[in-house]
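Next come two complexes built around subunit A: one with subunit B, the other with subunit C.
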Partner chain A sequence: MKAKVSITLKRGILDPQGQAVLHALSSLGYTGVKDVRVGKLIELDLATHDRAGAEAEVKAMCERLLANTIIEEYRIELME
Partner chain B sequence: MKAKVSITLKRGILDPQGQAVLHALSSLGYTGVKDVRVGKLIELDLATHDRAGAEAEVKAMCERLLANTIIEEYRIELME
Partner chain C sequence: MSISLRVGILVFPGSNCDRDCQHAVSQVMGAKADFIWHKESMLPHVDAVIIPGGFSYGDYLRTGAIARFSPVMAAVTRFAEAGGLVLGICNGFQILLEAGLLPGAMLRNRSLSFLCKDVHLRVENADTPFTRRCKPGQVLTLPIAHGEGNYYADQATLAKLKARNQVIFRYCTKDGEVTPEANPNGSLDNIAGIVNDAGNILGLMPHPERCADALLGNEDGRLILLSLLEAIKSGRYAPKPVLAHNVS
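Take a look at the complex of A and B:
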């Protein structure tokens, strides 16, 4: 089973990397971009096929290691 | 209109960051993880509401700036 974890900065947290991308896009002529936020995408390949167990385990991994829950939020998608 | 761009390393390209996360998870006791790949998630807030135009523009941004198409592939999702 595969898990896709999207980790993004919480609303209100400054995103300097996103601002840098926004400015770079603007210098390339893409002036129709109002805002950019940059996050992480972590794809996990899990040995288990138990959906509920996998979800709980990936949630624990996010809380303990993958995300900094003070400033980031995460979303988990599971696929067979 | 919002665009979500997922940028991942192509299959076959080594992912040292993913390997580091895999080892860290394994030391925390999550031994049921077979592989980890780390990518980027870029969320763009676009001024336009023209779906086809937005898709073409975001694709051009990926090719020119956001992704390194030698080693990375990208997927674009558009939302109102």
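Take a look at the complex of A and C:
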């Protein structure tokens, strides 16, 4: 089973990288972009096929290491 | 300074200010400075620990995020819980935040640039083991060198830090005014350094070890190291020995 973890800064926390990309897009003429958040994508290849167990374990990984929940939020996507 | 004082300096893969710290502590201040490799699960006998700057583990994932799980950090946590003095400089500050030994987190600098320059700091609390040689409100000039020094904490944490005088240094103008323009990296409330609730752990982004030696033209950093060594000498911050060397 594979897991994709997307990590971005929490809403309300200034994302300077996202702002820089927003400005660059705007200078290229893409003026319809209202906001940009730049984050990280972490792909995990898991030995298990137990979906519920995998979800709980990846969540624990996020809380302990993969994300800093003071500033970041994460989303977990599981695939067979 | 008595030669019997021993300061342990942690070394992670990617630390690059460890030798500067050793030079400042031993050659400039006259204390003993021992390197402690990150794989050690027990500290040797030391009176204080410095977590130096650098790019531990290549700053992968987040600054300090991987270093905090090194075996030595469990030993440092026990040392700090027993009352021992811990000074985290730059990446050392980031590691202390990731370890939860200090509250808050670091974000990328607002400018997205790596900043390497002198800044002015106002001493907000001179009644700590790290600032006792400073005067309240004194303006120090220290160099910064970081890409992620934009300190963040939620409002409740910030309120607590302020209420308990845990903000030790703020970025300021050369005259000591704390202004948005004097804030190099976007840090919340111009925060450059904080202590924990118990007051025995300091994290700061600027580098005192880089301006302790008179040869380098600025000795402001010496005040912080001298404060630390004098605090050790006072005996008030000796870690309780049983706890400090417990292997859990």
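In this section, the second predicted complex is superposed on the first by the 80 of 80 C-alpha atoms of A that agree within 3 Å, B and C clash if a C-alpha of one lies under 4 Å from a C-alpha of the other, contacts with A are read in each partner's own complex, and residues count from 1 in each chain.
What we mean here is this: a residue touches a chain if its C-beta (ideal position, glycine included) is under 8 Å from a C-beta of that chain, and two chains touch if they have at least 3 such contacts.
The structure displayed is predicted, hence computed values, not measured ones.
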Please indicate which partner A:Ala56 is in contact with in the superposed arrangement: first for subunit B, second for subunit C, both, or neither.
-> neither
Kindly classify A:Tyr30 by the partners it touches after superposition: subunit B alone (first), subunit C alone (second), both, or neither?
-> first
Touching A:Ile71 in the superposition: subunit B (first), subunit C (second), both, neither?
-> second
Is there a shared patch on subunit A that both subunit B and subunit C touch, and which residues make it up?
-> 65-66
Contact set on subunit C toward subunit A in their complex = 61-62, 65-66, 69, 98, 104-105, 107-112, 150, 152-154, 186
In the complex, go through subunit A and note every residue touching subunit C.
-> 9, 13-14, 16-17, 20, 65-66, 68, 70-71
Which part of subunit B faces subunit A closely enough to touch in the complex?
-> 6-8, 18, 21, 24-25, 28, 30, 32-48, 57, 61, 64-66
